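Both of the next two complexes hold chain A, though its partner changes from chain B to chain C.
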Partner chain A sequence: MTGTYGPFMETLGVWLVCFFTLAVFSFLYRDNPIYKAVEHIYVGVAAGYYFYQAFRGTIYPNFVLHIHRGFQAMAEGKMDGYLAQWRWGAAVLGLLLLSRLIPKLGWLSRWPMALVVGSFAALNLTGFAKANFIDQVAGTMLPLASAMSGPEALPFWPGAKAAAPSILNNAVLVVGVVTVLTYFFFSTRRAGLLGAMGNVGIWFVMITFGATYGSIVLARISLLIGRATTLLDVNLPKYGYPAYFCALLVVGCILVWRLKFFKGEQER
Partner chain B sequence: MRNRVPVFICGFVGIFMILKYFSTYSPFAKIAEELEQWGMVTLSFAIVLGVLNLIKINLKAVMERKKDWGYKLLLLVSMFTMMIAGGVKWYREEMAGRATGGLPVAIHDSLFDFMFDHVYFPLSATIFALLAFFVASAAFRAFRAKNVHATLLLVAAVIVMIGRVPIGGAIWKGFPWLQEWIMTWPNTAGQRAIQIGAAIGMIATGLRVIFGVEKPYLKG
Partner chain C sequence: MNGSQQDISTGWERWLERFVALDRRWIFLVLGSVVVLFLVVPVSMPVTVSEQVRAMYETIEALPPGARVHLSIDYGPGSEAELWPQHIAILRQLLEKDCKVICSSLWTDGPPMIEKAFTVVVGQLEREGKKKVRGVDYVNLGFKAGDRVAIAKIGSSFKGAFPTDYQGNPTANLPIMQGWDTYRDIDLLITIAVGDPGAVEYIQQAQSRYGMRMVAGVTAVISPQLYPYYQSRNLLGFVGGLAGAAEYEKLVGRPGYATRGMFIQSAVHILIVGLVLAGNAAQFWLWWLRRRKGARV
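== the complex of A and B ==
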C-alpha cells in the first residue's frame, strides 16, 4: 500500500480503505444508506474490473492479437495466417450473444450459448471424471492389512502424527467413503446391511459437515481479524488517524439518518 | 433454425472435445483447441453482455428518477471510472511496451491499480469478513445437541475450531492432534464420497446436455 502512488495518493488511499471498511461494517446495525452506497460502488467497480479483464485478458490476446498475427503471417505467405482467420467465428458468435439485448433477435444468442455450454460440459465432464472420480477412487484403494507404519501412527502415542497413514486411519477412510456413498445411494430401499451402512455413513457426513463448518467459521474470523489489523496498521498520526475520523463519520451519518430520515417498519 | 442449430452446435462441440480427450490424432487436438478458444472468447462477450445490461437497467432508472436512483448513479459512475482507468492503464502499458521493442510492460501506479487496491479489495474483503458475524449467529442455531447426529456435528466443529487456535493447545495438548486427525481422515472420507457423487452427477448431466436430452441454452 505504500510507496507506489506518492504521498497524497497514499494518504487518500488509506482514508478510502478505512471509510469503505467501516461503511461495510455499518450493516451490522441495519441496512442503511451508507452501506447501500458502498454496496453499489462495489458492484460498479467489480463490473468495471471484470469488463477490463474480459477485454484485456481474453478478447484482446485471444482474438485481436491472434487475428493481427494471422494477417502478418499471411503477408509473409504462411498457411498458418489463413487458419488463424477462423477465429473470426468466435467474434461473430460473441456479437450474436449481445442480441439478447434486442428482444426480437434474442433467439440468436442461443447459438453462442450452445457453444459455451457444449464446450464447458465436455471439458468439465472429462476433468471431473479424471480428478473427482478416477483419482478419488484410486486414492481410496489403501492397504488395510499391511504392517503398521510405525508407533507414531498410533493415536495419542508420544510423538504421534495425526496425518500418518496406518491400518486404523486407512480403515477409517475406506469405511467412511464406502458408507457415505451408500448413504447417498437412493436407487434401492435402505434396509438390512445397506441400512446399517447408511447409518454409519450419516455419522461421517455429520463429522464432515461439522469440520467444514468449523473451518469456514475460522476462515471468516481470520478475514475479520485481517480487516481489523488493516485498520489498526493505517491508523497513524502521519495519515491523520483515518480510522477514528471515518468511524465518527459513519456513526454520525447513521445517527442523522436514524433520527431524521428513518421510517419505522409500520410507517413504511 | 431456432432450436435445431443450437442443439447441433452443442452436440458437435461437446462430442468433438470428448473425442479429443481420448485421441492422439493431432488435427483433432488442433480443432478442439480452436473450439476451446472460441468458447473462451464467447464467454468473455457474456461479461460484456452483463455489463451492457447493467448499464441499460441502471441508466433507465436514473433517467426516470426511480426509487434509489442516486445509488444507481453511484454504481454507473464507479463502473465507468474503473473502465476508463483500465483503458488508460492498457494504453500506457501498450505505449511503454512499444518503446521497449514489444516487451510486455506492467505499470503499477495507475488509477486502475489504485482503485483496485483501495476500493475493490477492501470492499470485497470486508464483505466476506462481515459473513463471520452471520456464520457465528447461524452456529448458535445449528449447534444444538438435539440428537446423535447433531451432537456429532457440534463436537466435530468445536474440536476443529478449538484445535486450530493457540488457546486449544493451551487447554489440552490433544486438541490440535485431534483436529488434524478429524480433518485428515473422517473429513477426507466424507469429502471424497461427496466428490465422487458429484462427479458422477456431473458426468451424467454433461452427457445429457451434449446429447440434447437437456437443453438449458434454449431457455430465455
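== the complex of A and C ==
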C-alpha cells in the first residue's frame, strides 16, 4: 500500500487483497464456490478496467481530443484543423471492425482487418529479419581465441591469447547451433555424420527444455513468495489482522459448502 | 522367494504405490509451509552477480546526467512479485543519476504500476533531500494499444503516439518532452516486461530498427529467450526474475524484497528437486519390484 488513499480505503484494500488471494488459493484444495465467485468478479473487473484504459489511453487522446482541437483550429481558419479531420477515416475503419456483430454486414470488417494484418506482417517481417536472423547469424560467428598479442599468446596461433572460459563458451555455442540445425534438417535421411550430429543436437534441445522448465518453476515460486509476503506484510494490528480473519472466513465457507452442499457423485 | 521375503517385497510395493500416488495437495501444503516458515524466520544467503545483470547495471551507470531514458513498463499486478523489485531498483538508479525518465506501457495495467513506483521512489528521494519534479525529471505517458505497431509509432514520434500524458497534460507542453521526439533522441531503452508485447518485440521493432542501446528486466519464464539477443548484442544486459532482481539489489547496494526471497526460493528449489528425484526413484523401484515378482510367479 502506497498510502495515497484515506485510511478507510487503505484498510478496505488490504482486506480485499487478503480475501481475494486466499479465495484463489482455495482452488488448490478443489474447485469451490468461493473460488468461482472470485474468478467471475475478477473477469468482470478486468474487462471493465481494460475498456476504460483503452479509451483513456488511445481513443480519447488520439481521436476525441485530436478532432476537438482540429475543430477549434478550423474555427480559427488554420490548415492544421482540416488535416486533423483525416482521423475520421481511421475511426470509420475501426467501427467497421464491429460490423462482424451484424452477420449480413460482416464482410465489411475484412477491409480494416486486411489493413491490420498487412501492416502487422510488414512490421514483423522487417523487425524479425534483422533481430532474429541477421543479428543471430552474426552473433554466432565467434572467435575461438581472442585476437591479442603478448606473452600469453598461444604457441600454435601467434597473436592469439587463450581466454579459456570465453573460448569454451563460444565453442559450445557454435557446436550447439550447428548440431541443432542439423537435427532439424529434414531434406535427407539422417545417417552417418549427419545422424551423429543430430543426436548431439537433440541433447542441446533437451537441455534447453530443462533450463526453460527450471525458469518456469523459478517464476511460479516467485509468485507464491510474492503473495505470501503481501499476506504477511499487511497482516498488521492497524488493519485488524486481515490475513487471519480472511483465512478463517475462506476455510469456514469451504467447510460449510463441503458439509452442506457438496455432492460428491455430481462432481465426479 | 520364500514367504517372509515376499511379505517384505509386498510391503515395500504397497508403500511405494502410496508414495507414487500421493495426493498433490500434500505437496502444495509442504511448499506453502516452507515459504511461510522462511518468511517468518528469515535466513540470508550470499548472492552472486551474473554477467548479464552486471552488464545491465554498468550500462545504466555509464549514462551521463540528463540522459533521456525510455522506461517501458509492460507488466501488471500479476507479475508484481518478480518485476516490482527490478522496477524500483532501476527507477531509483536512473533518478539518482539525474536521468530524464520517460515511462510508458504497452499493457493496460502498466500505468498504475508506473504511478506506484514513482510515488515510492520519488518519495524516498525527497526524504533524502533530492527533489524530482513530474514533467521535468520524469513523466508517465500512460498506455498505448497496438502492440508492435505501437512500438513503431512511439519510435517515430513520442508526441504523436502520446498526445497527452497519464494525467491528461498535453505532452508537447511538458518541459521533459522539449527538443526531441523520436527514438534517435533516446540514450537508452529499458523495458520491464512479462510477455508479449515486451522485450522481444522492443528488440525487433525499436532496437534493431533504430540501432538503440537497450537493456531489459523480465520474468524468469522470459529470460531464457533473451540469452540469444544478449549474445548478439541486441541487448546490452538483462535481469531475469526474482533472482536477477536480488543480484541487481546487491549491485545498487540496497538489499530489499528480492534479496529476502532468495533463501526461500533456494529452499523450495531443493525441495522440488528432492521430490522429483524421490518420485523417479520410487517409480523405478516399483517397476523393478513388479518385474522381479512377475518373473518369479
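We take it that the second predicted complex is superposed on the first by the 224 of 268 C-alpha atoms of A that agree within 3 Å, B and C clash if a C-alpha of one lies under 4 Å from a C-alpha of the other, contacts with A are read in each partner's own complex, and residues count from 1 in each chain.
FYI, a contact is a pair of C-beta atoms (placed from the backbone, for glycine too) under 8 Å apart; a residue touches a chain by one contact, two chains touch by 3 or more.
Since we're looking at a predicted model, the values are computed, not measured.
Contacts of A:Y50 after superposition: both chain B and chain C are touched. Contact with both chain B and chain C is seen for A:L218 once the two complexes are overlaid on the shared chain. In the superposition on chain A, A:L232 makes contact with chain C only, while chain B stays out of contact range. Touch counts on chain A: comparing chain C and chain B, the chain ahead is B.
After overlaying the two complexes on the shared chain, residue contacts for A:A73 are found with neither chain B nor chain C.
Contacts of A:V200 after superposition on the shared chain: neither chain B nor chain C is touched.
Within the superposed three-chain model, A:I167 lies out of touch with both chain B and chain C [touch as defined at top].
Residue contacts after overlaying the shared chain place A:Y29 against chain C, while chain B stays out of touching range.
When the two structures are aligned on the shared chain, A:Q136 is found in touch with chain B and with chain C.
In the superposition on chain A, A:T58 contacts both chain B and chain C. Residues 4, 28, 49-50, 53-54, 56-58, 62, 66, 119-120, 123-124, 126, 128, 131-132, 136, 139, 173, 208, 211-212, 215-218, 221, 223-224, 226-227 of chain A lie at the contact with chain B in one complex and at the contact with chain C in the other.
The touching residues of chain A, when paired with chain B in their complex, are 1, 4-6, 9, 12-14, 16-17, 20-21, 24-25, 27-28, 36-59, 62-63, 66, 86-87, 89-91, 93-95, 97-98, 100-101, 106-107, 110-126, 128-129, 131-133, 136-137, 139-140, 155-156, 160, 162-163, 169, 172-178, 180-181, 184, 201-218, 220-221, 223-224, 226-227, 230. Listing the residues of chain C that touch chain A in their complex gives 25, 28, 31-32, 35-36, 39-40, 79-82, 108-109, 111, 116, 119-120, 142-149, 152, 162-164, 201, 203-205, 207-209, 219-221, 223-224, 228-229, 231-234, 240-243, 257, 260-261, 264-265, 268-269, 272.
Contact residues on chain A toward chain C in their complex (touch as defined above): 2, 4, 28-29, 49-50, 53-54, 56-58, 61-62, 65-66, 119-120, 123-124, 126-128, 130-132, 135-136, 138-139, 173, 208, 211-212, 215-219, 221-229, 232.
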